[in-house]
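Shared between the two complexes below is chain A, which has chain B as its partner in the first and chain C in the second.
Now for the complex of A and B:
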């Protein structure tokens, strides 16, 4: 890629040390996001997509631990490794909000119920920028208007419970955008919303991305949302990336049996005549007992002998398109 | 009413009172279900789709009288096949008998299974309640049912917490099958499940339908799932069915502006599939105080004066195609093009 990436994650491992053992939530993940691009991260529950996002935000705390890897961010003209920063330290606090902001699935739990919407946004602005309260207030009202909240001055005075789910998510987005972050991490931001409201929020995020020139890391389990939002896609399974590439490549030409299985699992709105879905057999193994070899082998219809003993690395199958599967590579 | 009708709902209403003050006087009502007419034929799957708060779950529960309907008829073809019985007015004894033929699968596979019962007991409980079969027979039946839903015999002695979400949903399905019912109301049976597990459960429901000749009322918010599994689809908005047609007719030739907008909002898993999204402004109005005239008019881009003042009749607009829109005949709404 010609442009320098905004953020580059290299061989990241995040493990949770619990009484039941070690959960290998993220087990060797690497990707990069270029400025103004949207990376879609797709996978099912427990695949490690949210933990990856939290690691990028510097939010991993005990019992979680970043075991290895780098999360490189260009910040103030130099490169910072977020993985090495103290999650409570001053440096990560300077990055969060200003460089990287995050929105979550359930806006009700991320907004403080006892403070007015507007004041929460003002607080975020004052925390990061040296401007007066009145100016911050004006900025907050502008932001509420920018995210399509009608009557922003009235909404400013309201509490989170007075807003609908879609409006709350818009308010969360306004807060996240308040300091013009270079990267916005969106963790299932539309999953709790109805489909018509989801469409509004997706349109909003696409518009903001153009207006603010923000890169987005968009985490979802919904392939439809990925198709409508992402430029590039990584597919995660059991703490690892099994496939990555440009969105069109991933949908047109999926190379990993797990990606193929996901595609076959969703009923299509676009065509008729599919009577039976090609489901993936079995269930996701526990992160406490990750199988030897390829994590997907126990469920894979194409599993070979080698898949049960060795774990395949991501290897390029087409320009910019990589898959971690022995079917696509000659084992050495 | 034709002979192959299994269930016919007429004018079903369910209002929840809002009480206030010391005397707990009713100050308003939530009109969760506000006049639903729906017929389901033997062996078919009718999808009931709509956004949260539209009343689809309450409709399903009211049909089974898990919640008492405020008014309306729920005619169901009973055991003897001869005549339709009104579930809404059935005596407790009659209702218990009717429930042998109408069962439900719940959305949340975690809260709908008793954590203190073994899986075998859970699956056999409907038989026990109905006083059918002896203990040994019930146990044998439970094992058969577990196998029918893709679980194994040795699962029967375990407890629900030992199972994943998809497996729990299979247990719930086995329980619904225990009495050999005719109708199963599936209330969002796959929406709590991961994509790959969702596909397994959808396939299972289709296999069981074929094997046992089941009829489904399939309640869901996911249009793609509803399209895949249903023969006919009813779209609900704010307590009422606004459109009903065969699946293909509904998706290709919608007659209600809400259906059109809903379909255009669904994200399609194809980066080259470009639909022009029809924006729906604002949120669903409150069912306590629904808008005058057509409930949908404040969000409808085709609304005219008549829509603001008069409630549109739910009427036949094409062959076997019903919609409640004043302008159904003149609007050329956009459906999904078949490819």
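Now for the complex of A and C:
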């Protein structure tokens, strides 16, 4: 990948300062996304993937705080560090929607129930572009058609509760795409949908990526979705990246025991009746009480003495493929 | 929407008939012979009988009920036992006086509570929010007769800025409106705050911010519109109560309103006036509730389209 990355996250730490203590939701995460590529971010609930996405949007609000790190975005010919921008300031608002847009897990609740679908899209357009309301309306109708909503003019006038879940997610995508963002962050956009609708939404996103030349950061806990969508993958556990690399490499040759555990828990038709599904023992530790050493050590079948005292860094195991595990490294 | 309005208006008919029936029953449920009550305890038998006949109290109950219903439906609520004026003539001017006080107070309460409640929610759990919460709590805990008397003492007697009582100029409105409005504002502020905190935590707020919407649009368009539903309910109740006559405020500021009229009529056993006042109070309450229902439908499309 010789292309300059569209966005580069370096050593990002986001902590939540609550009455119960400090939750290290994101604890030193780094990755980059090149233009028109899709990065899949995988991990269990609470591993920090959504918080990472919100940090990239500049949407971290109290009690959360970006403690450290950079989120570098090329914007208007220069590089901006989103981590340093005021989350309510004008500069980040100019980036949201135009450079980076976001869709969410729950299409049922992420559209405002009291405004018409079309007006919500028109609002997104008018916030960033100096065009008339009539032109914005036309554009919104075109967008609704582009995301595969039948009878877009009628749907424009309807309220969210009059649309099905899949339709609402399509409307959310239309809204996100309204100002041609360079990066679309999709935070578990298919999790709340039926399987057939999931496939449709994924096809739609792949098509839009081609048509709009948009890069996608696709967050999910579903490895099947990653296999169908992503070019590159990062696997997150307890606020850190434990493995990253091209999607084929990760699926064929997972190096981190956590990734191996995730792969082992996917049912496969080829292994039908031959192999039992494996589960990862234990539960994810609370982000308030991160264990010393490697965060995965308490659940890891291969944990060694060193794993309980020191935390491994990401190290390259093959070209473009890195894992944070002492099994692949010579301890120094 | 039109169907909704017509439906609500039609609902007023049985409600009004119910109220009239209740008022008729009230007249016959309270102990004592109505004819003796009108004539006085020591009146001679012949006078009592004459009154009984004149008022139709000697007729069977269903005949009296029919007559009463017919009269009310023609706008005749009877005659005051004391002034001998038609009830309508005494009640209507009082309603207008009370309505002025009520609408101005609620307008004041609405503005204050929306501003304070929204600010409080935006600065949730920070010092500003805590100050607003404590002030609102104080406002709720302070009875109107305390705040009203303190206001009179400070602004009218000590500073001499505002008149003590009556309603002959706009300056007379200030103290009663603020006294009555402040209490309602305190109640509403807490409601606005909690509804706004709730709304600001919703997913669609993140969506709005992710679009790049500035914070005032996020708060006053996306969150407020969603928070309005319970606020409108409470506002309607408050308006209904203040319109029904705020007896204490009206008494303190010597305000010739419906509340005082109702209390005086009860003390003097002027039953037709009591009935008339209750009738109008109830009708106002129904009307306000109807308006609240319509506002609901305007605020929330899920209600409009069901």
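We adopt the following convention: the second predicted complex is superposed on the first by the 327 of 332 C-alpha atoms of A that agree within 3 Å, B and C clash if a C-alpha of one lies under 4 Å from a C-alpha of the other, contacts with A are read in each partner's own complex, and residues count from 1 in each chain.
The rule is short, and it goes like this: a residue touches a chain if its C-beta (ideal position, glycine included) is under 8 Å from a C-beta of that chain, and two chains touch if they have at least 3 such contacts.
Source: prediction; values computed, not measured.
*Asks:* What does the overlay on chain A give for chain B and chain C, a clash or a fit?
*Replies:* Overlaying the two structures gives chain B and chain C room side by side.
*Asks:* So, does A:255 touch the first partner chain B, the second partner chain C, both, or neither?
*Replies:* Neither partner.
*Asks:* On the A-aligned overlay, A:194 touches which partner chain: chain B = first, chain C = second, or both, or neither?
*Replies:* Touch status of A:194: first partner only.
*Asks:* Based on the superposed arrangement, let me know which partner A:37 touches: chain B (first), chain C (second), both, or neither?
*Replies:* A:37: touches no partner chain.
*Asks:* Looking at the overlay, what does A:279 touch: chain B (first), chain C (second), both, or neither?
*Replies:* So A:279 only meets chain B here.
*Asks:* Under the stated touch criterion, which partner chain does A:97 make contact with: chain B (first), chain C (second), both, or neither?
*Replies:* After superposition on chain A, A:97 lies in contact with chain C alone.
*Asks:* Given the touch rule stated above, what does A:202 touch, chain B (first), chain C (second), both, or neither?
*Replies:* first
*Asks:* Just chain B (first), just chain C (second), both, or neither: which does A:57 touch?
*Replies:* The answer is second: A:57 touches chain C but not chain B.
*Asks:* Looking at A:267, would you say it contacts chain B, chain C, both, or neither? Reply first, second, both or neither.
*Replies:* In the superposition, A:267 contacts chain B only.
*Asks:* Contact-wise, after the overlay, does A:137 reach chain B, chain C, both or neither (first, second, both, neither)?
*Replies:* neither
*Asks:* Given the superposition on chain A, which partner contacts more residues in chain A: chain B or chain C?
*Replies:* Here the partner covering more residues of chain A is B.
*Asks:* Taking the superposed arrangement, what is the smallest distance in Å from a C-alpha atom of chain B to one of chain C?
*Replies:* In this superposition, no C-alpha atom of chain B lies closer than 11 Å to one of chain C.
*Asks:* What is the shared patch of chain A, the residues that chain B and chain C both contact?
*Replies:* none
*Asks:* So in the complex, which bits of chain C are touching chain A?
*Replies:* 202-204, 206-215, 222, 225-226, 299-302, 305
*Asks:* Over in the complex, which chain B residues touch chain A? Could you list them?
*Replies:* So the residues of chain B in touch with chain A come to 51-52, 164, 166-167, 194-200, 202-203, 206, 221, 223-225, 227-229, 248, 251, 261-273, 277, 279-280, 282-284, 336, 338-339.
*Asks:* Taking the complex as given, what residues does chain A use to touch chain B?
*Replies:* It is residues 44-45, 150, 164, 166-167, 194-200, 202-203, 221-228, 247-248, 251, 261-272, 274-281, 283-284 of chain A that touch chain B.
*Asks:* Hey, which residues of chain A end up touching chain C in the complex?
*Replies:* Residues 54, 57, 59, 88, 90, 93-98, 101-102, 104, 106, 109-116, 123-124, 127-128, 159, 161-162, 172, 175.
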